[in-house]
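Multiple structures are listed underneath, in structure tokens.
Shared between the two complexes below is chain A, which has chain B as its partner in the first and chain C in the second.
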Partner chain A sequence: MKEIIIDGNSYKFDPGQTVLEVARGNDIDIPTLCYSEHLSITGACRMCLVENKENGSLETACTLPARDGLEVETDNDKIYDARKTVLDLILSDHPMTCMTCEANGDCQLQDLAYQFDIEESSYGSKKEDRFELEERNSFIVYDPDKCILCGKCVRADSELQCSDAIEFSERGFKTKVAAAFDEGLGGEDSSCVFCGLCVENCPTAALSYKPARKKGREYELRKQRTTCGYCGVGCQVELNIKGNEVIKVDSVYDDTAPNPDGEMCVKGRFAYGFIDSPDRLKYPLIKKDGEFVESSWDEALDYIADNLSRIRDEHGGREIGALSSARCTNEENYIMQKFMRAVMKTNSVEHCARL
Partner chain B sequence: MKEYTAIKELPYYEELDFYKKQKRIVLQNCGLIDPEKIDDYIEKKGYQAAAKAITQMKSKEIIEEVKKSGLRGRGGGGFPTGLKWQFAKDAEGEKKYIVCNADEGDPGAFMDRSLLEGDPHKLLEGMMIAAYAIDADEGYIYVRAEYPLAIRRLKKAISQAEELGLLGENIFGTEFNFKIHIKEGAGAFVCGEETALMASIEGKRGTPTSRPPYPAQSGLWGKPTNINNVETYANIPFIIDNGAEEFNKFGTENSSGTKVFALTGKIKNTGLVEVPMGLSLRDIIYDIGGGITDDKGFKAVQTGGPSGGCIPAEQLDLKIDYDSLKEIGAMMGSGGMVVMDEDTCMVDVARFFLTFTQSESCGKCTPCRLGTKRMLEILERITEGEGKKGDIEKLEQLGKVIKEASLCGLGQTAPNPVLTTIKYFRDEYEAHINDKKCPAGQCDALKGSYVIDEDHCIGCGQCKTVCPADAITGKKQKAHTIDPEACISCGACAEVCPVNAISN
Partner chain C sequence: MAGLAKSFGSGAMTNSIDEIAGNDLIFVIGSNPTENHPVIGAKMKRTVKNGTKLIVADPRRIELAEYADIVIQQKPGTDIALLNSMMNVIIEEGLEDTEFIEEHTENYEELKKIVSFYPPEKAEEITGVPADTIREAARLYASQDKSAIYYAMGITQHKSGTENVTSITSLAMLTGNVGRKSTGVNPLRGQSNVQGACDLGALANVYPGYQSVTDPDMKDKFEKAWGVEGLSDEVGLTVVEMFRAIDENKIKALYIMGENPALSDPDQGHIEAALEKVEFLVVQDIFMTETAEYADVVLPAACFAEKNGTFTNTDRRIQKVNKAVEAPGEAKADWEIICELSNKMGYEMDYNSTEEIMEEIAELTPIYGGVHYDRLDKEKIQWPCRDREDKGTQYLHKGGFIRGKGKFYPSHHIPSIEKADEEYEFIMMTGRMLYHYHTGTMTRNSQPIDEHVPDAYVEINAEDAEKMGIKNGDRVKIGSRRGEIETNAEIVETVQPGQIFMPFHFAESPANRLTMDELDPEAKIPELKVTAVKLQKT
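Here is the complex of A and B:
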């Protein structure tokens, strides 16, 4: 059996696993910033450094393949110094605005600063913004000054959403993430579909949901998992609610869901405004004397049943047709056509997805 | 007749001090043949090694020979070439690639350029042999776009070789096929790093990726790939032609053969030199290089390009090879050698080199992107007279972490000039920080105010006229004086003084 040694203990591993995966699988803590189990691995942030005991070199646990007999240490002075220096450097280029930041309480950088006890970077704080805030669209705000260039947004966009709408631009210290021709996500040449997966993957508040800004932070929000109502796929989503208002919609990560890596479309992510809309229909309406009038469900259903039966009996089923919605499930659509054929005696059934 | 006797007395190349200690294997034909004529190359036994390898040798034999030669990569890393070929040969895959790294991004380095421009067929021959040895049928030369002549000559060489059937299908009537493409780099230093280079060939952003997997397992378009430097390939024809034993006669035990260096800086004879490994720095600088310009004192030599190390006078007798350089914190790199004289400020030198690596950092990994930036800020402060206690220790600590924690060779070596200058010239750093003095007198902000030597001053008043700060007073024919408070240390007075009575 193949085994690797982590901090003096032997662990079994599956072929293809990295040291980070083996460690995490065994509750050994290794800090990460650019790693995500849903994305390809780049080894960019260098937070996950561990020491390879074969030659004393520091290597990134997220990229280091486990192999038989490999011995690593995940916690010693050298590793701590390197990780803390990396963090210290990131914080030297990060605005110290946690007080008003959207991500306060939900920020991996903040958590690590807490863990490593860095109140302020030893190189001094970032005093002036180096970039312009990017918010020329209705949904997503990008603040490059808060960006730590972990690249998760770029990978999520390219590997999960397959939009390739964003990439790194410039290089070195000037690097930032940008949409085509730096025209913003809503720009003419942008292929962004506003799925929000980039925001979802951002470890800081470099990316945030525009409609949710200033409406509450992580610890104020109640979470409710639900199924997206927009189509029949059945994506799992997480409503974030404050009081009785939906503030934003986060991803759910569940291997059994149809969207296991938190994938969503613009509607599931952003089109929740109807929930609290004053125009929203709450009761059935029946037109009486040319005006819609609120009615009870019983009354409405009776009205439909009576009239459908009457039309069928007086004019025949062929005078009736039905159009169903992609927002219904397969089963509901099935019932609809079955009902129309068997009970209403018509073959005129149609579905909006064919339009 | 008189003229004839004079010509007779002209020395041969080998008799010139500049050439006496050199041994030319790689540059053998450079300057002696017309690089645009394949016949010239063939006349110098060109393509005979390829013919021998492809028609008479098995790939295993070739790899064995290269291994025996002890040839190590001339691109900087010094990895044993034969072993690298072995990995690529052993890697499974129908399709394999050969890549030549001709990105040569080190400022002031032009070893590869000279070869590409002076003897392009030698590179093609080396690549052919490598391709045959690892079963590749396609090759790329990644050459920087700033070398238009090299690109033109390479293109010409490739088409000439194709015309003669030396590239293409069924080479030398065998089953072996090989074609070569040229890919022009777009001026990023980091694209010389092998994984970034291959990403760039693929049309992606030129940033390095983590290894493993190594190119030999998964390189260009995920296929097993062998990548070597220009000079590395250029050594191959000699090894195959003359055998590993002959090659081993040059160099040291662990670093065989020769190395081309680009000798620049404060040295009398600048230019490319090809010397057997194991020669001492003193041999190169004094015997070949002719010593320091204006016979000033030697202070240090920077080897290995912008991320190499500064070697002080105590180490002049160091026998240069891969391991000895590494041991003292420097490196072979691609072969840059910048000589510095006593007037050089070592803090400023460190700042200068780091400015280059910092601006060439691709930005992918944190320690290199932000670490080099912060190091540079500290160095700038020090040279501007704003150094603080603890700066040296901070540079040392940060430099160590950047080296250990960075993703690619750029970050892993970028702090070298800083760390080696601190190691060997710590007193200069201390003088800048504690005494606010630049011992070499180079850092403008630390130049003290100028003073006039009263015994020498003839009272001509020229200094008074040029002083932009009206800091000089004195009567005609009488010694003048400079008000240190008003002096802005511009040095204009010292420049005009006819009797050199002004100094700082």
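Here is the complex of A and C:
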């Protein structure tokens, strides 16, 4: 059996696994910013440096293949200093505006700054923005000043959504992520379909959901997994709720789901506003003299029961029909057809499958 | 689904979404996954990037065509001729799977006879697709080990919908592409629980689990289970038939739960007249829809985020719907409302939770026999799942068809009801687009979406537009034999000259004012994809 030694302990591994994967599989903490198990590996951020004990070199754990007899350390002064220097450099070009930042409490960079105790970059922190905010669309805001160029958004866009809508543009300090001709995600030549996977993968607030901005902090939100209410793919989604309002929809990562890598589309991600619409029906309504009048449930249901009973008894159940719904649950469709068949004695119960 | 059930014995996607990554070839016909099933569309693109072959056949040049090895733009309503011709080539060139045909199918001689009338040159005349393209597509489909077909409403919403589907099932059987992983015949379902609504018996001919209402044993079984007598053994009316029956005074009351036929159904003028006419109309919905306006009573329902239950997705996977927020005002879950009504009418429906309802479903529905809430949280369950030990079924027809032998149901080309003529020069297709959903009840009430795509449009080919002096954004009038609407022109290269495409989500320009309610006689699906219309600049 092949084994790798991490921090003095031996661990078994599967062929093809990296040191990072073996470590995480064994609850050994190695910080990362650009890594995702759902995306290809680039080794860009250098936060996952570990020491190769064979030659003392620091290598990125996310790109280092596990091999028999390899011995690494994940936590010593040399590693700590190297990681802290990397972080210090990233923070030197990052606005220290956590107070008002959308990602406060949900930011991997903030978490690492806390862990490594960096209040201000020793190179001096960023005082002035160097870029313009990109928000010429209804869904996503891009703030290049908060971007750490980890490239997760670019990879998610290209590898999961396959839109190839965004790429790195420019060089050096001017580097940012941009859509076609730098016209923004909603630009005429942009192939962005607003699935939101870029935002989902962003470790900071460089990318955020526009409709959710200023609506609530991560730690104020209640989360509920459910099945998306739109098409028949049945994506698993995570509704984020504050008070009684859904304020954003995050991805779920689960191998039993049809969307195991957190894939979603613009409807699942952004078309939730209807839930809290003021135009929702709130009370039963009975039409009286051509006008709808609010009523109690009792009154409305009695009225329906009387009329359906009358028509059934006068003309037979076959003169009553029902449309059940492809947007209602299994249980509701079952109940509706049971009601029509058992109480109305008709099989005229259908739904819009054919439309 | 009728065509699929007829050929194979079960009307659902044969294979699974997870298997797309294993396809050697993907054949998409009459489906636009990147817009209508975006997560599946993205998975297809991902697979194709990794070397899987792709054939796309659609009258419109859809986005997936950009990634395809072979692009086919058949004329609307000519799918049978196209598929027959592909089978003609496969048989001519000896590419069929003889062993599979012998072992697992019947009626092959009939298929052979009928497709012999469709050599590619003849099919070219009908479909407008170059004969050599048909040959290449046939060879590519037949030559791969694991070829899978994906289709949707582009195939079914025709007078010949059932025959379109049986032509697809024939192609798959002819090449042995059923009953194995990453192959199959895969209808992509358009709505969150359209599969489940079918599975649970919201169909005029079957009880839950596709158990026939005309089978005396089933009648007996459900009468006992539900404690009632006199269940009807007569097949009920389908949606479009119900509206016709209202016309003929044969339906007096209609109960509509979560549907908006005033926008979604064909021949809107006729639907509106029926909604007006029906003696007693109840509408239970989340908004005051176009349909609800006609109701005698409107009941406020909870939406998916406000209730518990399950949906069954397009690959037969049963998944939980979990309550996240409270419903507004006094709105209630649809099942609670129906139960209360039933109780008032003297038939007790006393359930404390949706889990109790699922337990009853599991008892009475063999394909859901092993579906229990405690399993759904941790397992992937796809029906058939017959008991607790059953892990569910990732792909159907493994080692043999559900109906015993798969049956070829070949058909000749069936012309569409309407053709372009001097007065109605264009063929209009309707469909969905990425940003909106069905009748827009949900998406149009979601601000960023409606801000992004605020209005209806009609796609017009650039050549036609130039001839008629129509520019992008111009208002145009579209008229059919049934009505007239106005909308904005969107000039594109993706529809062919002589054809236009219109999404049906928008109440202000309702495409279904123009469509007809002529039905496929078996599946009872209206022909929504081929409507002859005239077009003019306003």
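Keep in mind that, in the parts below, the second predicted complex is superposed on the first by the 280 of 355 C-alpha atoms of A that agree within 3 Å, B and C clash if a C-alpha of one lies under 4 Å from a C-alpha of the other, contacts with A are read in each partner's own complex, and residues count from 1 in each chain.
Definition applied: contacts are C-beta pairs under 8 Å (C-beta built on N, C-alpha and C of every residue); 3 or more make two chains touch, one makes a residue touch a chain.
Since the structure is predicted, the reported quantities are computational estimates derived from the model, not experimental observations.
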Residue contacts on chain A - larger count, chain B or chain C: C
Contacts of A:Met336 with chain B and chain C, given as first, second, both or neither: second
Touching partner for A:Asn9 - first (chain B), second (chain C), both, neither: neither
Touched partner set for A:Asp93, first chain B, second chain C, both or neither: first
Touched partner set for A:Gly43, first chain B, second chain C, both or neither: first
First (chain B), second (chain C), both or neither touched by A:Val246: second
Contacts of A:Gln115 with chain B and chain C, given as first, second, both or neither: neither
Residues of chain A contacting chain B in one complex and chain C in the other: none
Residue ranges of chain A in contact with chain C within the complex: 137-139, 159-163, 186, 193-195, 210-211, 222, 224-236, 239, 241, 244-246, 255-259, 263-267, 270-277, 279-287, 292, 297, 300-305, 307-309, 311, 315, 317-343, 345-355
Residue ranges of chain B in contact with chain A within the complex: 188, 205, 207, 209-210, 212, 358-367, 369-371, 373-374, 377, 394, 397-398, 401, 404-407
Complex contact set, residues of chain A against chain B: 41-47, 49, 57-58, 60, 63, 65, 78, 81-82, 85-86, 89-90, 92-93, 122-123, 148-149, 151, 167-168, 170-175
